[in-house]
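Consider the two complexes below, in which chain A is the common component and chain B and chain C are the respective partners.
Showing the complex of A and B:
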């Protein structure tokens, strides 16, 4: 539906990511590189998943259980890969710290580490939004629009943009929570990210039912709000503890 | 109570604001990634506006089918098969090799005016002919009202101005110089995407293979050229994109090939050096410990730098370093001897020579002549820009999903090349890793990823 609509859908999906990028990530070049690396990493995870699933596709049967298996395996794989991502990050952090020691600059402080995990999460969210939503938006720049039968109330592009937005928020902020959990070895934070990811993905299964997206999509937005709130609380707590400790020491 | 009052401020506001390593690290890489990305973006835009897809992707085919039956178009024209593609690619590589040897010969004969004239001629012809062609296509596509007389007036003027800007960096603002180089790269890359599909892919792979051979084999033309340049301490006249602004005090940007010095401190701003350091330490390579970097700074910071450099690393004050790095908009920094060369056909492709360490006290402030002068950060030859953009432009002709995947692959390849550079510390070509990754990702995306993502997204299933 014209360039304006196409751009609108793209901005719905990626607008917050763009503002986070412009406001936070673009100021430190290292975070830009982290973002690019993270996006590449999650793209590779998607490619591996599609490689595994290629033989079983296309799923032509109308049954819903193949999709359940698809979602469950994909989420499990991605959460497993997150641990690998964490290991890579730890290695890089060590190198950065040793380098900082060499040139006598202060080591990475807490906000730095959180910024890196934000960039990493943003990379995950951007990879999701770009590959699931943005790459399908090309026809939206043309003259017409498209509806799917199962969700006939809104154009397909709008639904996928909103879902992509929800997942972008979830991925970005659950990465911060997850990294914090691995760092502090807090169980609740460590399981938060996989649980939220799983619940959100299972919610999209509701879209398989006719008009299921009317229920599924608002619930997804609720999940992203929950993630945001949890992350906010955790960061606030951690920063004020850190501040307190610094002041007292 | 002081405690409560002090605890009142918002956590994070009163956080220590001492600059950490994170603030400035990676800036030089970002400064080369940005123009590469811009060039690729412009080529993708041009391709989407001006070209018709060679073979429609399943996505657009699905939409047209759902919309009530479009006719499927055939795949590929008759003349585009593998044998013609290979023949064309091999011919091109042979032509490039011959041209590079000719370039080396001219350089050997110290015929610099010939080289400069050739440079000027080719950049002017690219801007005039290809630029005019693209402009005409755009005008007709966008239905922009412009009469022939104005066009005939505007085009040669713009072409001449940009050619001048591209060739003499010292006489124009740095942004214009960089924009002119990117414009030349965009136009050439767009022209390459007009070739048939198999030919383009064969050409890319052939150029990547040629690059490896030309730089690493002992008889390779690039290596010969490079060694000549080192011997004579001269710059090869060519079109190079330089990531840092050229210091306007210096007339030319000479790059020197020198041995690494011992001693010296590490430069916090140079990511490549950081990588080299980290890799060196990790592998326990002792020789890598002497990175021998000294940063040359522009005038107003010479004193500050001299003070900072006089101290041993352990004593260097943080404030000095951070103010150095943050306040300067054009710090002229020098990287270790990490050469990466890439010469291309027709002066577009240029030796990617990374600047050498220069003793800071010796800095010669005079303009002209072959001097020990400063040089910028990472330089990338225009040929690299062109072939990266050709790959992405060709991916754009299929679908945008391949564009995103290939973009990430190419940037990753660029990063890996810089890593290898920091590790091996010898001349390395810039093209092969990125092109290889790009082609691999293109194939993987087209065969595997697309089907998977389409299946999920059209059912509104996401994870």
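Showing the complex of A and C:
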């Protein structure tokens, strides 16, 4: 498939991440730190998960229900980690606010907090893409291509890149929604991230069926579009309300 | 998709945990557990046997990649004779089409240009009635007579002696199935966005060095001459006392090597391994006699190597005799009275009873006497009903055999070749991959061995009265014949069988009877480092069977203390034992080669040796690696499309980020 295709697949998976990084995160060093921390967090969660699941792998039976259990436990664990991440962020926010008070500089405003959650989500998404797509991409730079038996329409690397892209968008923007939900104690926002994560993960099981990838992958893109749209609407609402309050006060 | 995400999840988990836990081997071939597994699933290594580049003094034969690089071409099936190729392709060919295809290729430059490589299927052998890539008169330049138009091998096509500038591989049974599936897949997707290609790696050193004949390639050291080790033994062993009163010698010879289009698939069951097995069995039968030293003549058994490539073994043996070399210490060419060669004896059973033909060298009375002896031996075998007839007088002379070297040296040699055919080979698969154990009959070989053992006893007795009781006690071990067929002609048990493992530790279970290249000391050594498994087995077997008890049978791994003693079974665990036997290695390589200053030199044609003009001086090219892989490839347009999509997605997302940022700053600036 040569270097051109390999590079293309890498860009499909990580291009938007690069854009967001260059356009938003790279301007503020604190956001870079947040991104790296959240990447690390996600990796650690994966390590712990693999430690627990190592005993049961590899799954040799052809049935799909062991994968459901795998996905359920993994998603539950990672959502738990999200809460831990939130707590750590809250502590750090208190420290930063008290420090700002001491040196009489302004506290963290709403956009700052949203940017931090964006960087956090991006960290998760980048970790997922690097781990699940980029690590497999080295053979894509060679001459041969690969089609899995159960998905004979699209090359393996393309599916892998598209799924990585989908999950990158989902992780990035659902983190903003989740942090907003925890902050405002809004039930719908709090529940949104785990639900979307769970639905998207279970949807990948569709790829186990012969030619299921033709349905599964576009559906995943639909989920990421939904996340993006929900997040955008929520951010718009929140920021407009905030401005109104500030205006009125 | 086997859970693109799920396989990736398993992969990620396994990857992360490599450092912490030892990996557990997965028995399921369908799950990929690491990137190397993925690479292995993408690039499939195909089990195959190559055809390599061989050079002689005037040119080249065989197959090679045309340049320095690998050849990559889509796999196409050629089913009918007149199929045409559209683009340079890797042709998948059934075995029964092989002869026609290669003959067509040599005569059709259009087709030649479109062939990137050839893959020959392994099945379809049942529909092939005859297949021989050798010529109709093999090695005719060595014939001591002038009528060269006789077709000893009527099935011969001569395709193995042509030069092909493309790689050719013979597939194994399983890889044939794989490749047929891929070729069918290629046919189903005609628009060409996806193609299954074969990647041939058959780059030969002589092509890279630009040397196109033996002399230049030996000088540039891009090739090595063909050769190996021949073995001779004496029954009974030659002792110091017998050296003073030397008896006339009856030489019994057989050949141990075969040729083929594909170097690693030279089985040669009928030609010549059936003769080799008959010789070994006859030696075993005669070894039970007690008073061999009272006979009037000495029996010398020789197994020559490299006979298929210009009678290297027999000619070198005769040269060593002339030079009085150490390897033939104890015998002299003046003493050789009669030569009895055992040729192809595996297909003699017709109408239920074995019938052999004796091809005599010339019309001397001694040769006629030899045929009479054979006939009396066959009568003594009684109810076994083994028959021997002299070969038809319409034959121009002896068939292609080592006897030609003896006759070439001394035109008045008395000898004969025992074969299972009269005027034409009964072996329809001479020097092909189909000359396997199914092509021979063990009872035919056993009958030949019995015939020869008894004839040798009669011949060695010369004018002494024959003791009929002793003669009738010479019996052949039929189960040994069957065991040797299993060992020397099959992969299972192959060389891991009991009788072979009791003498040597083989390097490979699958036997191959291609002579290979000569790497030992050209001057000859009794402890060669590069003798192949078959030569070492023959040496140990003959030493064991012709031995008399040693004075002190202690364990040995190399040399024995007493002169005249040799170590049998030195490679086996626990060492071997020293026995008194005269069994020697004789190097087998072209008499036109001389090793000087660390390089092989081709000597000019020797006018005193009439066969040196006929010697092609075969050499085999060096190579780095030989391999065959298949994988799927996309068109370059698709690759660029993917890159374009990636760039567009990155660009579009960057645009979206900028637009989003400006919107949000607008909302904030309302403040």
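Worth pointing out:
In this section, the second predicted complex is superposed on the first by the 249 of 249 C-alpha atoms of A that agree within 3 Å, B and C clash if a C-alpha of one lies under 4 Å from a C-alpha of the other, contacts with A are read in each partner's own complex, and residues count from 1 in each chain.
In this text, a residue touches a chain if its C-beta (ideal position, glycine included) is under 8 Å from a C-beta of that chain, and two chains touch if they have at least 3 such contacts.
Worth saying up front: this structure is predicted, and the values here are computed from it rather than measured.
Contact with neither chain B nor chain C is seen for A:221 once the two complexes are overlaid on the shared chain. Applying the stated contact rule after C-alpha superposition, one finds that A:204 touches each of chain B and chain C. In the superposed model, A:67 makes contact with both chain B and chain C.
Applying the stated contact rule after C-alpha superposition, one finds that A:51 touches each of chain B and chain C. In the superposition on chain A, A:19 makes contact with chain C only, while chain B stays out of contact range. In the overlay built on the shared chain, the residue A:165 is in contact with chain C alone; chain B does not reach it.
Once the two complexes are laid over each other on the shared chain, residue contacts for A:191 go to neither chain B nor chain C.
Of the two partner chains, chain B is the only one that A:99 touches; chain C does not reach it.
With both structures placed on the common chain, the touch criterion links A:112 to chain B but leaves chain C unconnected. Taken together, the two complexes place residues 46-47, 49-51, 53-54, 57-59, 67, 70, 74, 111, 131-133, 135-136, 138-139, 144, 146, 148, 150-151, 156, 159-160, 163, 201, 204-205, 207-208, 213, 236, 239-240, 243, 246-247 of chain A in contact with chain B and also with chain C. In the complex of the two chains, the chain A residues touching chain C come out as 1-2, 4-5, 7-12, 15-16, 18-20, 22-24, 46-47, 49-51, 53-54, 57-60, 67, 70, 74, 111, 131-133, 135-136, 138-139, 142-151, 155-156, 158-160, 163, 165, 201, 204-205, 207-208, 212-213, 232, 235-236, 239-240, 243, 246-247. Residues of chain C that touch chain A in their complex: 1-6, 8-17, 20-21, 24, 26-28, 31, 33, 35, 38-39, 41-43, 72, 194, 631-634, 636, 638-647, 649-650, 653-654, 656-658, 660-661, 664, 667-668, 670-671.
Across the complex, chain B is touched by residues 28-33, 36-37, 39-40, 43, 46-47, 49-51, 53-54, 57-59, 67, 70-71, 74-75, 78, 95-96, 98-100, 102-109, 111-112, 115-116, 128, 130-139, 144, 146, 148, 150-151, 156, 159-160, 163-164, 167, 197, 200-201, 204-205, 207-208, 213, 216, 236, 239-240, 242-244, 246-247 of chain A. On chain B, the positions that touch chain A within their shared complex are 3, 6-7, 11-12, 14-16, 18-27, 29-31, 33, 59-60, 63, 66-67, 265-266, 268, 274, 277-278, 281-282, 313-316, 318, 321-322, 399-401, 404-405, 408-409, 411-412, 415, 441, 444-445, 447-449, 451-463.
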